[in-house]
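Shared between the two complexes below is subunit A, which has subunit B as its partner in the first and subunit C in the second.
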Partner chain A sequence: MFELIGIPPQALFGQLLIGLINGAFYAMLSLGLAVIFGLLNIINFTHGAQYMMGAFVAYLCLTHLGLGYWGALIVAPILVGAFGILLERTMLHRLYKLDHLYGLLLTFGIALIVEGFFRHLYGSSGLPYAIPAELRGGYNLGFMFLPTYRAWVVVASVIVCFGTWFVIERTRLGAYLRAATENPTLVQAFGINVPRMITLTYGFGVALAAFAGVMAAPIYQVSPLMGANLIIVVFAVVVIGGMGSIMGAIVTGFALGVVEGLTKVFYPEASNTVIFVIMAIVLTIKPAGLFGRTA
Partner chain B sequence: MDRATRITFLAMLVVLAVAPFVLYPIFLMKVLCFALFACAFNLLVGYVGLLSFGHAAFFGSAGYVTAYTVKMWGLPPELGILLGAATGAGLGLVIGWLAIRRQGIYFAMITLALSQIVFFYALQAPWTGGEDGIQSVPRGHLFGLIDLHDPMAMYFTVAAIFVLGFLFVYRVIHSPFGQVLKAIRENEPRAISLGYETDRYKLLAFVLSATLAGLAGGTKSLVFQLASLTDVQWQMSGEVVLMTLVGGLGTIFGPIVGAAVIVTMQNYLAEFGSWVTIIQGFIFVVCVLTFRRGIVGEIIGRFGPKGAAPTGGGH
Partner chain C sequence: MAEPLLAIADLHAFYGESHALHGMNLEIRAGEVVTLLGRNGAGKSTTIKSIMGVMGRRSGSIRYQGQELIRLPSNAIARLGIAWCPEERGIFSSLDVRENLMLPPPVKPGGMAVDEIFTLFPNLKERLRSQGTKLSGGEQQMLAIARILRTGSTLLLLDEPTEGLAPVIIQQIGQVIRTLKQRGFTILLVEQNFRFAATVADRHYVVEHGRVIDMIENSELERNMERLHEYLGV
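Up next is the complex of A and B:
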């Protein structure tokens, strides 16, 4: 086999694939954050915990109810989304008139409660979740081995991301949503129930996180802290992309995952921090973010 | 200082002098280090309106530098602590310079993300000892004279550092510079239109806050003779936010009360493990929903002169 700049191609493409997978999760999570932020003006710090909850619902469905991966892919977003709607109705909606920082603090507190609760019940170590039978195995592409499940994650996340983009940017419902982001009072005056739309938007963003959590369960282990460190990286992704654009969030998510994967090949020591460093560089050159409108 | 503040300050000095004879000095020193850390944090969030979610970077890295220089280079404790504070200042300059480009929640996310670089550096660098941290740091002799291994000597040194730090914060807040900071908090575009270069003010406030956080972190590493990853983790950034919030954002004594409350709680709940996190999260939620002025803010609101309490909500 040939070598590229001293790196065996299996390692290179392997890391590229891992990067693409990570990027898929960055994209799905930062997309949810951007949708929530657009309408609620709140940075949802609980997003990581809700992603973790999605993975746990999948795990519990399998161990207690015998409900497999495909069922969990539907059940987890509904359950966790309902939990999100409950949060929005009971707590978050009281904060809309206050400084945005209180929304951050509140959701941070909820994240601590949720993560502490799961750690109390299940400990800090990861729980294994088997890949569903239909998606085991893989393809030999000649230059690398492609596990079916990983291919599925990339394809499914692309479909989900672009589906969300399509709904928001190309449908009537999305038009209402974008209008309410610009001027909620005016949209309400046209007879649209904006508070309900806000609640459902939050529920949808949270459901997206839970969906990502179920997809992640077979790849990463299911553990109470799986979302805590991820959410900080996703914050950096959001700062780099700028939250003004849905497509921006998707593209930045995938691109940064790939960059992170490549860093693992060429300079592994920096793989944990490369996204934060890129964020610092973007801040010096284009403070509003790559796809951001003015701050 | 106005009369109420002066009386409270004197009462605090009395408590500081008597406390080590009643309570366990190590516990008190822990409270004081965190109180100074929270005061430093409050300078930024309470008076400039910038919520940093990465202050653990300054607190923790200063701890490493103090511990390393005192243990490996044999520096005297006062120099070690000063180097710790200088580390906080240097990091504060870099992180602040990047973070003040954005406002509000972006500022919080950026400081959080940048502090993760410091965390991963501390995790991977050879001199920080990885998961073990830097252990059994000698406390040494202050100015070559006072043996800090004596708990009382260490306690009064920490108390002196705390009081100096506190007075410094008070001085900054009540200086013309502090007035400009408050103007930026209330209405930044107006401050700009009055001709203030608000970015410079924000950066200086950030550096001052980071320096004091470093002072607190360096001192803590001598008290516990240990520098570890706990102090650079993002959870620590969250804790200092919680302390300040509980005590009262934008109040002078609030962070001190908040630090005392949270450290006491952690002490009593230490054996319950993960419940500490759950209860801290719960306090966060309760504070944000119903108790935004914090303990000291509520006291000022109930008993103080009208209009003296911070609004706790804003625009």
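Up next is the complex of A and C:
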């Protein structure tokens, strides 16, 4: 078998694929965070818990209602998105005029409560969630084995991410959102119900996290701490991409997943820290992030 | 005499604890161009913001076509056919000129078609793909007026549209306001430049300390110039 720069191709492409999968989750989660931060000015620390809730709703639908993966991909975002809307209406909307720190502390507290609740009920070890029958198996590409489910995750997340980008950057609704990010008072004075748009945007961002959670359930297992482990890295991704930048969140999410995967091949010791090293470098050279606009 | 299109009675408005309007009273009839003249800080822009519903605390009465606006949110006020062009123009930097122009949704039938708008503001047609804030001050002002003409609103609140602009652009904006009046729009104009106001308006309200202290018909302006100079301190 041939080798690439001294690395067996199975190892290289295997890690590249894992990197892409992780990148797909980084991209979906940081995209939701970017959308929420852009319009609500809230650093949504509950995002990881909402991702975990998505996975749990999928698990509970399957075990209690017999509703499988495809149904959960629709039901979980709706239920968790509705939970997000409830949070926004009862708590978050009081904080918009305050410093970011208040939103961060509130959402951090909510994340701890939600995670504690699920840990109390289900313990902290992971619960299994089977890959749906249609997506089992894989393809032997010669240089590597490609599991069907993982290919699906990458393709589905690319579609979801670019669909969201398209709506925000290329449609009338997206123009309202971008304009309301800059000057909500004026957009409302044009006749748009901005408070409702903000609520629905938060619901959408949270639904995106839940969608990612369902996608993650068959790969990472369902565990109360699955979001907490991921969210710190996702925040680093958002900072590197540029707070509030949609394209920045998507591209940086995928790219950093791949960088992390490649680091596992070439210098495994650094694979857990490489994203934070990049974050430090980006913050030093371009504090607004790679895709962020300097104010 | 016909029912006024807009009637403001004993309007008070507040910025936090600061009391900005102290019992404002004024009326505008359909098809009129009326200006609010006054020194900086007199309460002219605050009056417009109060009509539009973007001030925090207000009390008193603002009736538009007989309907009370004082408790309505600004999006509901806009839907009645009132459009606002703010002093700072409010051009969105993340939107290009076309997106800025198309942003306000139609609220009433009969809004101007985009081609008609380009006849009034030919410069904008050349700049459709530019980022909104890359336009010159004059072009931004034109864009800020142009975009509210699409909506079908018939009462336009224009806050200092000539501020900081070159004389040739001010003339162009004056021409646009006269054209809009001919087409039946009702316009409430905040101005510090009374020489410009005299070329477009039917009547002038003089505002001081958050209330109207005088009303001068435009035809009487020449005869009352001394009085006006005293009010405005010019």
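FYI, the second predicted complex is superposed on the first by the 293 of 295 C-alpha atoms of A that agree within 3 Å, B and C clash if a C-alpha of one lies under 4 Å from a C-alpha of the other, contacts with A are read in each partner's own complex, and residues count from 1 in each chain.
Definition applied: a contact is a pair of C-beta atoms (placed from the backbone, for glycine too) under 8 Å apart; a residue touches a chain by one contact, two chains touch by 3 or more.
Note that the coordinates shown come from a computational prediction; the quantities given were computed from them, not determined experimentally.
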Which of subunit B and subunit C A:117 touches, first, second, both or neither: first
First, second, both or neither for A:175, with subunit B first and subunit C second: second
Partner chain(s) touched by A:236 [first = subunit B, second = subunit C, both, neither]: first
First (subunit B), second (subunit C), both or neither touched by A:148: neither
When both partners are placed on the shared chain, which of subunit B and subunit C touches more of subunit A: B
Subunit B versus subunit C as contact partner of A:221, first or second or both or neither: neither
Contact set on subunit A toward subunit B in their complex: 43, 91, 94-95, 97-106, 108-117, 119-120, 232-233, 235-236, 238-239, 269, 272-273, 275-277, 279-280, 283-284, 287, 295
Subunit C partner contacts - residues on subunit A that touch it in the complex: 172, 175-176, 178-179, 181-183, 185-194
Touching residues on subunit C, where the partner in the complex is subunit A: 52-54, 73-75, 77-79, 83-84, 86, 90, 92-95, 99, 102-105, 107, 151
Of subunit B, residues touching subunit A in the complex: 51, 53, 98-99, 101-106, 108-110, 112-114, 116-117, 120-121, 123-124, 234, 238, 241, 245, 273-278, 280-285, 287-289, 292, 313-315
